[in-house]
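One structure, as structure tokens, below. Some questions next.
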Amino acid sequence: MDYFLQNLINALQWGSFYAVISIGYSMVYGVLMVFNFAHGDIFMLGTYIGFAIATLFIAVFSALLPTWVIFAAVVIITMFLASWIGVFVEVVGYRPLRQAPRASAAITGLMIGIIFETGILIFLGAKRLSFPPLMESHVYNIGGVYFTNIKVMVIVISLILMLALHGLIQKTKWGMAMRAMSFDFLAVPLMGVSINIIAPLTFAIGAGLASVAGILYGQAYPILDPYMGVLIGWKAFVAAILGGRGSIKGAAMAGYLLGFIEIFVAMVFPSTFRDLIAYSIILLILTYRPRGFFGMEYSTKLRL
Amino acid sequence: MEALLNVNKMTHYFGGLRAVYNYDLNIKPQQIIGLIGPNGAGKTTIFNLITGVHTPTEGSITLQDENIVGLATNEIAAKGLGRTFQNLALWRHMSVLDHIKMAHYSQLTYGLMGSFFNTPGCRKQESEIKENSYRLLELFDIKQHADQLVTSLPYGAQRRVEMARAMATDPKILFLDEPTAGMTPDELVQMIKIIRQVHEDFKVAIFLIEHRMKFVMELCQYIQTLVFGEMIAAGPPEDIQNNPKVIEAYLGKEDVT
Amino acid sequence: MQLKIKNLHVSYGNIKALHGINFSVEAGEIVTVIGANGAGKSTTLRAISRMIPSEEGSVIEFNGENILKYSADKVVAKLGICHVPEGRRIFGNLTVTENFILATFARKDKNQIKKDQKWVFDLFPRLEERKDQLAGTLSGGEQQMLAVGRAYMSGHKIMLLDEPSMGLAPILMLDMFEALKEINRLGTTILLVEQNARLALKFAQRGYVIENGELVLEGEASSLLDNPDVKKAYLGA
Amino acid sequence: GDRETVIKVGINAPLTGDIPKVGEGTKYAAQMWLEDIEKAGGLEVGGKKYKVELVIEDNESKSDSAVKANTKMITQDDVLVIVGPQSSAQAVPAGEVANNYKTTMISPWSTNPATTLDRPYVFRGCFLDPFQGPVVANFIIEEFGFTKAAVLYDVASDYPKGLAEVFKAAWEKKNGAGSIVAYESFTTKDTDFSSQLTKIKRSGAQVLFTPQYYNEVPLIVKQAKDLGWTGPIVGSDSWGSAETVELCGEPCYGQFFSSHYAAAGAKGATKEFIDRYNKAHGYIPDDVAALTWDALRLAQQAIENAGELTGKIETDRTAVRDALAKVKDFAGITGNMTFTEEGDPIKCAVIVKINDKGEYEFYKSVCP
Amino acid sequence: MEIARKFKNTFSMVPMFGWLSGALAAVLVEYFLGYNYISLVLGLPKIPVLFGTLIMLKTPIMIPSVLAYDLIVYIIPVLTVAKLTAPATNKIAGSLEKIPIWLSTIIHLVLFYGIMHLWAGINDYRLLVLKLTMVSIILTISINVINGYQGEFSCSHPGFMAVGAYVASILTLVLFVNDKMFGQALLPAELGPWLFPFILIAGGAVAALSSLIVAIPSFRTRGDYLAIISLAFMFIVKSAIENMNFIGGARGMSSQPDYASLPVIFCWTILTIWIVHNFVTSIMGKALNAVRDDEAASESMTVKTKKTKIIAFMFGAFWAGVAGGLFAHILRFINPGTFSIQRLAEILAMVYFGGLNSIIGSIVGAVSISLLGEALRPLELFKWIIIPLILIFVMIYRPYGLISFKEINVKKLFRSKNK
């Protein structure tokens, strides 16, 4: 039982990263209907920014301010800065391709990602960095189940972020504009809404989320390297789409599902088969649910 | 005369929504039948049910006494049901000629290997189909656009491509879903001419959906009226035009077309 | 003169769609533009609402102000020009109410918004019945009502309508035009593009005829109805 | 022709891709070596001084790219010897090319037997997995007297997988079948090992052996601690990078790993090299840099011993190979080397302890 | 601008045959004079390998020499010979027009191969780059069948390639090589090169079969969801191979025999181009386009959409498998890591750069990205800034790729330019 609970906590933490990164992915994907293959690298860049800010703050303020203030300040400033990366990617890579086939935009995204990776490698060298801890880590043991305060924080903050984003998308008129844009972006200006504000805003939110995920990630897995976003980016892509086109709720659920599959497959089966089994499960899910979890049937597209 | 197509007590639900209820249809060779009804009455759905896009919840459909419920759309089409689409369903990266050629798909005999190695048999059949396609293009007056992409064509010409394409499948019955939507009266008159000619040259039966009463009245020998998935009236044009139920539910008092 | 268009040129890539069009609309008027397929009617409307760029030298003025310096969203938000586009273009993944909320995105006058909303629901009671339904699942006629209502909500100094009758059953078509009359009666200028020329000319006060991107005829609607050329080409002899 | 004979030395390194740090170390070591040569006015062979050029090619950490790089250096740049590639995944296919073109290649860091097997022209500068595995296993048994061990390795990566297998075999030979109580894996670029570690902890293992690279070790060690693991964690030469402890910090203090050399407390030429490198680049060189340095010095000695350069590259290459095969008791900074028939050096392994200051301290030496 | 027009006018009457003659002249010049005279005089260490780009980037001082070399060896011979022989070659082209088109194609191809053979014979690195480029061409064309003609966003190509590579490697190793992994060869090694085509076909066939895992779900799902299925397929293949220790697992397989010589690869490339061209220009093949543009309409026009999808995937996967088999026998080493996300990015870059729905586009894409990747080697890291930038610009200015929706017209290509 404690074995199971231990893995449950493991899966919750790991799934939280997938979930937060994939909702960031899903933001852009859901609104602009493009594969944002740069998202993994935006996450990477966001983590580096978080690293810089955190290092600076710890060096300057650690004696003056309580931990949580520093933490909050680092998160907010990083989010703000990282969101500009999103704006940059939108303006450079996606805006010129709004009318182009979606695959072309996917390729530009991929290329922008490679530029980010190489850029970091050029500027910072091949050295890997270690993310400074923003709070002291404590290990707790309850009935043989071990967890740390960091794990709890990761899970809680992820859930808060997801709820906040869900509210933003569903309840505010900005969210409505984003959803409308995913349906028919050419008609959005007719409502008095500028797509040149909504689109970068969406990218900015996606990038902001990625950077928060980056900071949390840096707390749990404190090693930064330029290629850290590649695999996680592709997995977020899997989760975002598995969740269903443009569904934030679905992306979050699929993110957790992915985390759970990876953890529990390794728990039950020999771990060498983990990827084989995990991806076979995903393949099967999509074969039987060809529109993901919450993929909406686009009546206009299906009707003859 | 023996019926070509027989639809019997067809009912269809989309989830909880009853789109078509207890629908009957009987098309004889070379007949022209019209289907009218308010928006959302289920007209297009009936087309989709007969052509196999959806499978009816209940009821039977037979084509020349052969059951076609449950067959794939392409199989039904190959058996002789050609159609056009309400919102134009053309292939946007393909030329006009390719559209017509493509509709000969079910007539291909050369097989995969034939197409890989460009065998003489393949070449021969492809050139026959090409010739036949040009003939159709000429008939529909779009030969001059043969090598253009469909998207670069005027709307009316696109409609004609759709119809020529449907004819290329060599149908026994032609299903037309609002063939004159978005046309000027002038073009409408032309369209009536084309349909008449197709009807005569190819000896096909025609089943069409329209909102333009002038068109329906002029072409159809028999008209069905659908409201909320149920047929409320059927008969020759004159009867329908004066049927109070039809006037109330569909036509309205004033003649606007 | 509320809307003034001078020397309007528009191209799609290499294809020239409009070759210098001139016309004007008075406040409170109903004006219609008719013409064959591909004549450039929709293009004209799109140029006015800035959905597509116009070429150098074109002039579009609204109440004396140059429209061309605004982007599409500003034309709606600042000038109150609303456009019911060809093919409705409602947001199928939003509910009816959300479509309306979005239409008021740039508006700040909360009270007036409420009043407008009520007015639209009074005009189209069918929409109120379905206000929480996803717009994509509405029937064609309902979608058309939503498109008009939504445009009205986004601002209604002038309404540009592109083929509001397309694909509507005859009876709905009449309802729709009744509604438009009502909208006009309350002070909205209407610029209507229609295939159904007879209906349009009956409805409008003045009319213009476009052919191949050029204005070929203009005049009182009733006189155009009697014009033999118009009769032959657009009314079906 | 009238062309001047220049000695070209090819470097095949992963400057981009998964392990750029390895490429960087290789490059820096090579540049240091070239400095020395240039200071001496060139390489003296058969009484004549020759100019030396480095041809550094990036293999992007990809095997096909490594093959292309080798082919290019051999056929286009006419290199006399090649140093690299570092990882076995690239060294194995690239070695094939070098051998086919009869060009001497020394892989400083590849521990896979296939790299040099049946390839007279391919050498390496380090010991092999089949040697290292038992060294670590025996060390743990002697040092701690444990009987139950767990292994955590990357299945998708050649080196960790190979070493994990060798370790398992060696351990089970000593402690009986089933004494590896958990044998868990993950995939390259994974960062979360919690599930595997939970399993390992439950298995009752006393020690964890993880032959991973410097980017994974800190994560593994930290996560193990977070999950309540208290036993020792032991590693292999891939831990040797200075970054391992820099990134890992305190959790890694007190752990052991086997390596080619220990930086802390090094003496003589080794210390000289470390200090010089540290001064130039600001960090302690890792084993890759040290091994590359040795490989280049080996190449240098072979060239000097070749007798004379004819200017005909094919002949010279073979002469260099023969000279290299004959090298005896070469005094490298990572230990003394003599090549076997296969071109593998017979050299000692070092057990390193990460001390309380985070330095790599010499603990003991194990010789074959 | 004026110069460009003049240039175009002067050379517009040179037929393909003339250009080939010019190229032949250039290659002969390089072959006989390149090393001992021209490069020596210009102070180059050797014949520059990829038109000197590598040397130029590494030692900028050499730029003038390299440019002079290119001018003397390539540009001048090609242009002068093409121009001077134009009357003669036009006549030849004219008479070639009279013989069956396939014969004239073969004549052109033989000439072309001869030129390539000479060019590649000068240096083995050139040869290797050329071989790998041709494999890229096969690969790019094959993914174009799925992503371009059939319009899916398939990410499974590295997986198909891996299947082909492994099957072909296992077969050659089992049948013709004495090695550690599979022991004694079953057949005499002399048979190997002759049976190699069948082995490649077997690799392709297994890849095609494996593609059903992606093709069958494609009946019910399209676009984004299928992209994920195909991506999952790629991961599954990689992980499955890693778990198969009898074929080397993560360690990979090596010592494949050296069967993939230039003529063999050239023949396969031409075969691929020919068959794919035949297919995509036939009605049967254009059904792919129809299904892509509007699946429902295709169904109603009697097109068997399910069959068409299966064909597209199996056909694309088959050629990817063949390319994988060739790749394995060029490199003579494969491991699962070779067929991962990085490879996917490369293949996608080639196909979208070159152009969708076009074989010429694929050739252009494969050749440009492969050569660019080699030519910019000296830039090390900066290469990975420049190549992505080029791709971004191409995508912005030509969203469908450089040459899209355009098929080869052999007749027009080889036509005499006599007016």
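Going by the order they are written in, the chains are A, B, C, D and E; count residues from 1 in each one.
One rule holds in what follows: contacts are C-beta pairs under 8 Å (C-beta built on N, C-alpha and C of every residue); 3 or more make two chains touch, one makes a residue touch a chain.
Please read all numbers here as calculations on a predicted model, not as lab measurements.
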{"item": "Chains contacting each of subunit C and subunit E, listed by label", "value": "A, B"}
{"item": "Farthest-lying chain, centroid of Cα atoms versus that of subunit B", "value": "D"}
{"item": "Two chains sharing the most C-beta contacts", "value": "A-E"}
{"item": "Chain centre separation (subunit D, subunit E; CA means) in Å", "value": "36"}
{"item": "CA centroid of subunit B to CA centroid of subunit D, Å", "value": "73"}
{"item": "Subunit A and subunit C: spacing of chain centres that average the CA atoms, whole Å", "value": "42"}
{"item": "Residue numbers of subunit D (touch at least two other chains)", "value": "16, 155, 187"}
{"item": "Sites on subunit B at which at least two other chains make contact", "value": "53, 85-86, 89"}
{"item": "Per-residue overlap in subunit C, given as positions that touch at least 2 other chains", "value": "none"}
{"item": "Subunit B partner contacts - residues on subunit C that touch it in the complex", "value": "36-38, 139-142, 163, 166-174, 195-199, 232-236"}
{"item": "Subunit B contact footprint on subunit E (complex, rising order)", "value": "275, 278-279, 282-287, 289-290, 292-294, 296-306, 311, 357, 405"}
{"item": "Subunit B - residues contacting subunit C, complex", "value": "36-40, 86, 154-156, 178, 181-189, 211, 213-214, 249-252, 254, 256-257"}
{"item": "Subunit A residues touching subunit D - in the complex, by the definition given at the top", "value": "3, 6-7, 10-11, 13-14, 118, 121, 125-130, 137, 139, 141, 146-148, 151, 221-223, 225-228, 230-231, 262-264, 266-267, 270-272, 274-275"}
{"item": "Subunit D residues touching subunit E - in the complex, by the definition given at the top", "value": "1-3, 15-16, 57-58, 62-64, 67-69, 71-72, 74-76, 78, 88-89, 92-93, 96, 101, 112, 114, 155-158, 161-162, 187-188"}
